[in-house]
Each structure stands twice: as structure tokens, then as C-alpha cells.
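One chain, chain A, links the two complexes that follow: it is found with chain B in the first and with chain C in the second.
After this line comes the complex of A and B, so read on.
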């Protein structure tokens, strides 16, 4: 089998929350021993509720945060310790909020040119040519390149962020909730643009979202995160048809249906909120699990391999 | 065709008032800057030339005034208008030199602390606290004592090296807000060096806040210069500083109150102008720096 485009091995991140001068700091494990790999040209969707560690995971992969343990490899090369320019050529981000991801004091073309300029071996004419090419690729006009971000709509701003991510022709694009700050009518356009670019440029996406419908639409594989761990990772179609982990099932059930009058669905998770500072023993999902039985509170479930993925549950296998 | 006509509500009246303040502030500061720059062309006499035969002549509109000296003469017979015009130079040079020096120091410290956090930030916060516990006038006194007398350069140095605290506080807090925004993260992912991130992403976005601080600090520096000169710790005679003019004339104030009122009013108008400009700038940017 060929080398995966991106491979993550045993990634872990702890935070220490100070509780004052004399109390011992609280340890918060945001991401706990996460491993996965994504073959070139495919899309791994990462889903989970707020606070499950999705964004921490993305920030570590992008090199914005030091992992406490573990490593990230792109094309078999380790990212940590790599020169920042070499890293920029391999992996680029698209962030959630296009209103905070673009510097309000710079023109659109300067924003898109930034990764090229940082490479410091690209000539000005080459920069201009590739910025123009990027603008066109994401469906923006040259005239829009001369504007400031405040003169663009949310969807256009997100196109600028995508153009900036693609101008270096990276291998991997980490999309951290790229559509959740946008109007519903614009979300589809951006998703289609991302899908088109992936096909045309052979990109590999790590697509983080809490929106299951979006993930189902774009991902070839889906990883479900709960309290810092991947509890189920399956091929997208199989996961949505036949979820194996009770948490995945609850997530799928929690999607609102378009029919009016049904109200908010009850998914049987109870009202205990997960707290990453206080992870339960045994299976970390057991206090909320509708299918909880004796071993769940006592022993940590092992990762069970399925023919189309992995699941971490005592009931599987 | 219909036009939307809004009634002149409270917010409109406020805006007009603000605009009036902004125009007045810019007008005052612009005028005094103009006077300071073209002082040699505008002053009717040499500000240092004294004539002991024509001492303490009141302004021309008062009894005993002379049309030769529009604002009268001081206790050594020097033309008061000329000294006032040259005094604008002292105030403006001290104000601008102070905000440049203290702005560079304060912005550097604040941006470093805000951007890097951790130990560096602890050191910056300590430096700010330490600075706030040093009284400016006492330092000026000590420096004047050690260096054997006050001088123009000494005033600039003392003020410039001491008035950076507000720059540091504002630069630090605004940098902390911007540091966590995604465009800084995007710049880091784009392979930009920390220096590029600071200069191109952080600084342009805190510059407007720093401009507001600069106006506050400039007003403070001008007042402090006047106070130091009044105490004999500032610009030494015979330089025509407004604070020194008040100080030198204070023996005459009971019989000729105009002699201290004229430089006093000049000082008040300039500080008012700078503050109005700062207020207008702050309201335009929607930032509130009042502490």
C-alpha cells in the first residue's frame, strides 16, 4: 500500500488549567492518543460536539500548537521540526470564520500572495501570475482582488481564504468548520467549490465539522470524536447507514428533520455534559450511553477493527 | 421617488457635536504646528532681544499698551508675542519627540508581552508596574541634579523614557486580542516569520489604538514639560517655553495677571486641541481607552 498523504500517530494534547497559587493545576486532556491516516485524494471528515477536541487536533496538525505527544507525517515526512516554509508547501488551513481569518488591513490580492511571498524565492511577476490564477480558480474577479476584505460578502471572503490556502499548491488542506459561519445559501457553493478543487488539484482534505449533513456530503471517511478520542472511524457511507458506536447513533439521531412540529429529537444522552477535565473511568462515554452495561464503567474498551473501519466500544466486535 | 429623511435625533446631534470637536481639535493642533514650524517668519521680534527700558508693557488693548508689542513685553522687555510663538516650538518638539520615543519603547514592550505571553509577558507586566511606581517629577529632579542642570534634551529623554506605560498597556492588550485571531494563525501557516507576522499582521491592526494613545500622551507630555519648566527642571532660560514664561512672570502676577494668563491660555488651548483630536479619533474608531 502506498504512503498515506497524511498520517497522525498517537497525537495527544494536555492543558494545565491553573487553579490559583496553591492548588495543583487541573489537567485537561483535549486530545488523547489520536491516530489515523488519510490516503491521497480523499477526505476525512472529523465530527463531534463542541469541546471534543476537533479544533485542538486541527491546530496541532497545522503546527499552531505543540502536541504533548505524537507526530504528524505528510507523505511520510515528519512535520515537527520542519522548516516553516517547507511545511507551508505541504499543509494549509481554511478556517471557520472568514471575518477573522482575513487581515482587515490588507488587500485581497496581498492576502492571497502572503504564502508565496513568505517562500521568499518567488519573483514578483510569478507571485502576481499565481495570485491571478488563484483568484480565478475560486471564482473571484481581478477587480475583487484589489478590494479590502470588508468590501466582500461572507462567501466571497471564504473564497479568498481558500485561494490563499491553495496558492502554494499544498498536499493537505485542513478545513476547520469552513462553512459553519456562512449563510445556508452560500454553504453549498463553498462545499461545491472545495469538492471541485479537490478533484482538479488532487488535494487531500481533513474536514472538521459539527454538521453531519455537510460531512456526509464531502467526506469519503468519517471519524467521530468524543472527549478527545476517535470512537468510530468508518467509510462515510457505511457510518451513516449503519453506525456502530452508540455515540455516533445518538449524533445521527440528533439531526433535526425538516418536518415542523416534531420539536428537538430526544436522543437518550441525558443532560450530563462531558467535561474534558474530568474524564470518566472505563469507557469515557458510559455516563451518557443509552446502551451502557457492566464492563463499561470498569474497563476501557479496545479498538475493534471492522471491515470498513474502527470502533471503540464494548458492544462492537 | 421617495427619499428617506431621518429626523435629527440625539445621535445626529451627537455626531455633529463630535465633528465640531474634531474640526476644532484638528484646527488648533494644525494652527499651532504651523506657528511652530514657521516661527522665524511669523514672530515680529527676536524672542531673546531684551530692552530694559520697555519692561512689562501690557497687551495693546489694555491701558498703557503699545501697538508695537501686540501682546506686550515681559519682565526683561522681550516681545511677548514672539516668545509665545517660539514657545509653541518647544511644546510641539517636546510633545512629538516624547510620543515617538515613548511610543517605540511602549509598543515594543507591549507587543512582545502580548504576542509571546508567558515569561516575556510577566517581565513586561513587571516593567509596567515598576514604571508606574516611578514619579516623573522626582526622576526629572534627580536627573537634573546628577547631570548638573536641566536641559532641553534632558526633558525629552526623561519624558520619552518614562511616558511609555500607556503605550505598553494598550499595545499589550490589543496584541493579545489579535494574537488569537485566525488571520494570525493563517499567516503562521503560510510560513511567515514571527517578525513578518508582527509587522504585517499585528502592528497595522493595533496602530489606530496606538494613535489614540499618542494624542493622550502628547497632551500629558506638553503639560509635564510646562510643569517641569515651571519648577526649573525643564527647559532652561532664556528659552521661551510656556511653562518657563509662567514661572518667570509669577512675581508680577498680582499687578499684571495677563503676564501669566497669556502663556497659560496658550497651553490650555493646545492641550484642549490635542485632547479633542484624540477624542474624535477614539470615537471614529469606536474604541474606549478611558480608565
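After this line comes the complex of A and C, so read on.
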């Protein structure tokens, strides 16, 4: 078997959240003992509640944040020992907000050139050639390369972010909600572009999104996170056809398809969101789980392997 | 009975840009009217113009702009500020524009009630706790003591929604209220709004990119393009028989679970929204429209194309259904 593009083992990240001057800080476990691997050339979609740890996970995989425990291997190599420039050639991010992630005072072509220039051993003519190639790849004109970010539309700015991520020809791109600030027609353009790049360049994506229809469209496998854990991870087609974890089911049932007259469903999770500083004992989903039964409040469920993935729930065991 | 909100021929310019070009729409008591359309088409500017909150340099004109039967065009800032946050509330697209970083969530939420209603502090705090709980915030007491930057994006968004509801408004203008939230929280917020609508007759003007939300909550939909409403219809009618070429394109861009094959490209509308200078005439969509012809550069008719269904296009019946 070939080396996975991304492999994480026992990954954990804690934060201390201050509660003001006098109260003791609360300990938030944002990512809690997570392990998985992403085969080269595939797309792992990551979904889950706001605040469940998706961005924290992405930042650790990118080497932008130290794990509290565990390790990340990218293309078979440990991240912590890796030189920053080598890492940049291997894995690159595309973040949600094309407004704040681009330096407003630099021209587009300079923004795209930045990762290359930081490599130090690249000649100016090589930089120019690669920037031109990247611009073309994402469908921006040479003229647009001379503009400032404020002179581009939201969709064009997101193309700049993708061009910057591609200029070093990385193997892996981590996309954290790459289209949620965009309207549907621009979103479609960007998703089509990402799909085309994967086909042509054999890229691997980690793709985080709140939009399940988008995830279904792009991902080969999907990981569902809840309060810092991956509670289900399946082949995309299987997950959407036959979700096994009650939280996954609630998520899928909450999707609002464009079908008039159906109203907004109540999926029975109750109205109180979980508190990451106060994780429930047993199954961490049990206070909200519509399927909760005897062992759930006391015993933490084990990970059960399925033919097409895994799930962490007593019902599957 | 006149509508709760009535906008007739609203126009907004910023120097050399015509951001809104003659929009008319109404929101009835208890109704949800959704406004959709491509980035930059003038949705936020429309809502800010209604609230009297246009940025400096923005000029507003309208044949009529009325709230609960009263013409608010000539209201001065003092009268408008008495309406805002009280009978007419707004949820802004960017949470940080309505939350002041220098004050705690609690003092900002209670201030709304104290200013408009003179409610005593203890009672205002109770109301704030109640609303934070209803938007799904755990430990509301803790959150009241925090500053906006100490909250995650999703929490901030929910605080804003709770704050807009403090005075039981009659009209709520909500600009992308659930974009930063996951689908379960989104559903919870939308159900809360529907409940308030049923109980209190709240009228909602809802701006969103998400056509799933539109389909599920809107009574009526207006589709905007380049500063104009190009099509307007009752929700079921619009999804069943979209007539304007832009609306058609928009609906084809939405990935529907189980309907799009993985790997197949999604439908998209090639090109970008043009910048519209004042004095521009004809159809703003014509350089992207596959039905465009010479007449599209001239004055366009606004036609009835179905029950309570209008489109702004030269095609007599709109695109065939």
C-alpha cells in the first residue's frame, strides 16, 4: 500500500479559556485523541457542529498549531521535525475568508509569489513564470494579477487564495470552508476548479465545510466530528446513504434541501448546545442523543470498524 | 390594510456606482420575504437603506418607504433611532458591526431594553438570559459577562440574533443570519424565528445565499441582479417555474444532496456581475445571458408571468418552464 498523504495519530489539543480576572480558566479540549489517514489523491470531508474542533484539527495538520499530544505525518514524514520550507512545498491551506486572509497592501501577483520567494533558492524569472502559471490555472488574467485584493470580487479573491496555495505545487491542500463566504454561482465555479485541479494534478484535499451537499459532492470519505472526536468516518456514498451515528443522522436530517413546503425539521437534539469545557461522561453525545439507552451515560463507546469505515456508538458495537 | 414594510422604487447610489436601481417590495405582518442574488447585487445596501444606516456617500431616493403605514422617508435620525432595535430590528451580515468590542455582551443586550423601554436592569438581564437560552447558548450567565472577541464566530452570531429580539420587534431584517452556523444550529434558529412569527406576527425580510433556507422558510422570494429585482414570486411558484434566465442559472448552481453525481461539474453562471454606472439602461444580465438579443439593451417590461409572479425580461413568457 502506498504512503497516505496525511496520517494523524492520537492527536489532541487543549486550550485554557480565560473567564475574566477572578475565575479559574476553563480547560477546553478542542481535539480529543483523533487518529485517521487520508490516502493520496482522495478527498476527506470534515463536518460537524460549530466549535467541535474542525479548524483546530486543520491548523495542527498544517503545522500552524502545536498539538498537545499525538503526531501528524504528511506524506509519511513527521511534521514536527520538518523544515518549514519543505512543509510548505508539501501542504498548503485555503481558508474561509478571502477578505482577511490576503494582505490588502500587496498586489495579487506578489501575494501569489510569496510562498515561492520564501523558498529562497528560486530565481526571479522562475518566480514570474510560476506565478503566471498559477494565475492561469485558476482562471485569473495577467491584468488581474496587477490589482489589489480590494479590487476583486469575493470569488476572484478566493481564486487568488487557491493560486497562492498551488504555486509551490503542493501534494496536499487543506480547505477550511473555502466557499462559505461565496454565493452559489461563485461557489460552483470554485468547486469545479478544485475538482479539475485534483484530476489534473493528483492533489489530496482535506475539505472542511458546513454545507453537506457540497461535501457529498467533493469528498471520497467523510469524517463527522462532535465535541473534539471523530464519531463516524465512512466512505462518502455510504455515509449519505446509511448514516450510522445518531449525530450524523441529525446532521443529515437538518440539511435544508431547496424543496419548498417542507419547513424546517426538528431533529430532536434539544435546544442546548454542548459545552466543550464540560464534556459529558460516557458517550459525549448522550445528553442530546435521541437514541440514548442504558449504557450510554456511563460507558464511553468504543470505535467499531465497519466494512466501509468506522463509528463510535454503543448501537454499532 | 397596508403592508408592514413597503418599499417602492428605492434607489441608492455611491458616487459613480448605482447600487440599488428602483426596487419595490413589501413585507406583510407574519410574512417572510426572502431576498436572494449574486454577491454585490445590492441586498445589504437595500436593507441598510431601509434602516437609515447607509454608509457615508450613499444617497437614497424612493417613491415610498413606509413602516406600519407611516412614511419614514422624512424621519430624522432621532426618530429613526427610536424605531431601530425596537419595533424594527436588524441582524447584520458582519457581527462585529453591531457588537461594540468595548462593552460586555450583557451590558449591550440590556442597554437595548433600557433605552427603548426603560426596563429596570434586573428585568433586562432576565430577558437577555431567556433569549440567549432560546438561541441555544449554554451558560448564558457566563456569556453575559464576556466581551465579543472572547466568543467564537458562531456564538457571536447567536448573541446578535438574541439582541435583535430583545424588544419583540414587529419587523426583523436579517442579513445572512445563519451563514457561520452548522446545519443543526441553523435549523434551531430558523425554528425560533418561525415561532416568533406565529406568536407575535413578526414580519421578516431575510437575505441569504442559501436557496435551501429560502425554499423552507420564505413565503415570497425576490431575486435581485445588479441592483434590481428581476423576478418575484411566491416560493413554491418560483422553484416550480423560474422564468428569468438569471433565476434559472441560480437554481442550477445548487448542489442538491443525492441529485448531483460526484465528479460531475456543478452548474454555474459564467462571468461576473458588471459594475453598473448611474444612467445604465437595459438588462444588467445581458452580457451573461444566453437569450440576450438587441432589444435587451433597451427599456425592459416588468411582466406578469404567473400567479403573483413577475419577471423583468424581454422574453414574453420568460424562459419556457
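Just so we're on the same page, the second predicted complex is superposed on the first by the 309 of 317 C-alpha atoms of A that agree within 3 Å, B and C clash if a C-alpha of one lies under 4 Å from a C-alpha of the other, contacts with A are read in each partner's own complex, and residues count from 1 in each chain.
To be clear about the criterion, a contact is a pair of C-beta atoms (placed from the backbone, for glycine too) under 8 Å apart; a residue touches a chain by one contact, two chains touch by 3 or more.
Not measured: the values here are computed from a predicted model.
Trainee: Consider chain A as the common anchor and indicate whether chain B and chain C clash or fit when overlaid.
Mentor: Pair status: fit.
Trainee: With chain A's C-alpha centre as vertex, what's the angle to chain B and chain C, nearest 10 degrees?
Mentor: Once the two structures are overlaid, it is 70 degrees.
Trainee: Pick one for A:214: touches chain B only (first), chain C only (second), both, or neither.
Mentor: It touches chain C, and chain B stays clear.
Trainee: Check the residue A:67 against both partner chains and state whether it touches chain B (first), chain C (second), both, or neither.
Mentor: neither
Trainee: I'd like to know which partner A:45 touches here: chain B for first, chain C for second, both or neither.
Mentor: So A:45 meets neither chain B nor chain C here.
Trainee: Taking the superposition as given, does A:254 touch the first partner, chain B, the second, chain C, both, or neither?
Mentor: After superposing on A, A:254 lies in contact with chain C but is clear of chain B.
Trainee: Mind telling me which of the two, chain B or chain C, contacts the most residues of chain A?
Mentor: More residues of chain A are touched by C.
Trainee: First (chain B), second (chain C), both or neither: which does A:161 touch?
Mentor: In the superposition, A:161 touches chain B alone.
Trainee: Determine, under the contact definition given at the top, whether A:189 touches first (chain B), second (chain C), both, or neither.
Mentor: Only chain C is touched by A:189; chain B is not.
Trainee: Please indicate which partner A:228 is in contact with in the superposed arrangement: first for chain B, second for chain C, both, or neither.
Mentor: Neither: A:228 stays clear of chain B and chain C.
Trainee: Looking at A:243, would you say it contacts chain B, chain C, both, or neither? Reply first, second, both or neither.
Mentor: A:243 contacts neither chain B nor chain C.
Trainee: Applying the touch criterion given at the start, work out whether A:153 contacts chain B, chain C, both or neither, answering first, second, both or neither.
Mentor: Second partner only, chain C.
Trainee: Determine the nearest approach in Å between the Cα atoms of chain B and those of chain C after overlaying the two structures.
Mentor: 5
Trainee: Which chain A residues are contacted by chain C in one complex and by chain B in the other?
Mentor: none
Trainee: Across the complex, what residues on chain B touch chain A?
Mentor: It comes out as residues 181-183, 185-193, 196, 200-201, 204-205.
Trainee: Taking the touch rule as given, give the residues of chain A at its contact with chain C in the complex, in rising order.
Mentor: For this pair, the touching residues of chain A are 18-20, 47-51, 153-156, 180-189, 191-192, 195, 210-214, 216-218, 220, 236-237, 240, 250-252, 254-267, 269, 271-275.
Trainee: Give the list of chain A residues in touch with chain B in this complex.
Mentor: Checking each residue of chain A against chain B gives 59, 62-64, 84-85, 87-89, 91-93, 95-97, 100-106, 114-115, 118-119, 161, 164, 168.
Trainee: Within their complex, state which residues of chain C touch chain A.
Mentor: Touch residues, chain C against chain A: 37-40, 133-134, 136-139, 142, 145-146, 150, 152-155, 179-188, 190-191, 194, 209-217, 235-236, 239-240, 249-251, 253-258, 260, 262-263, 265-269, 272-273.
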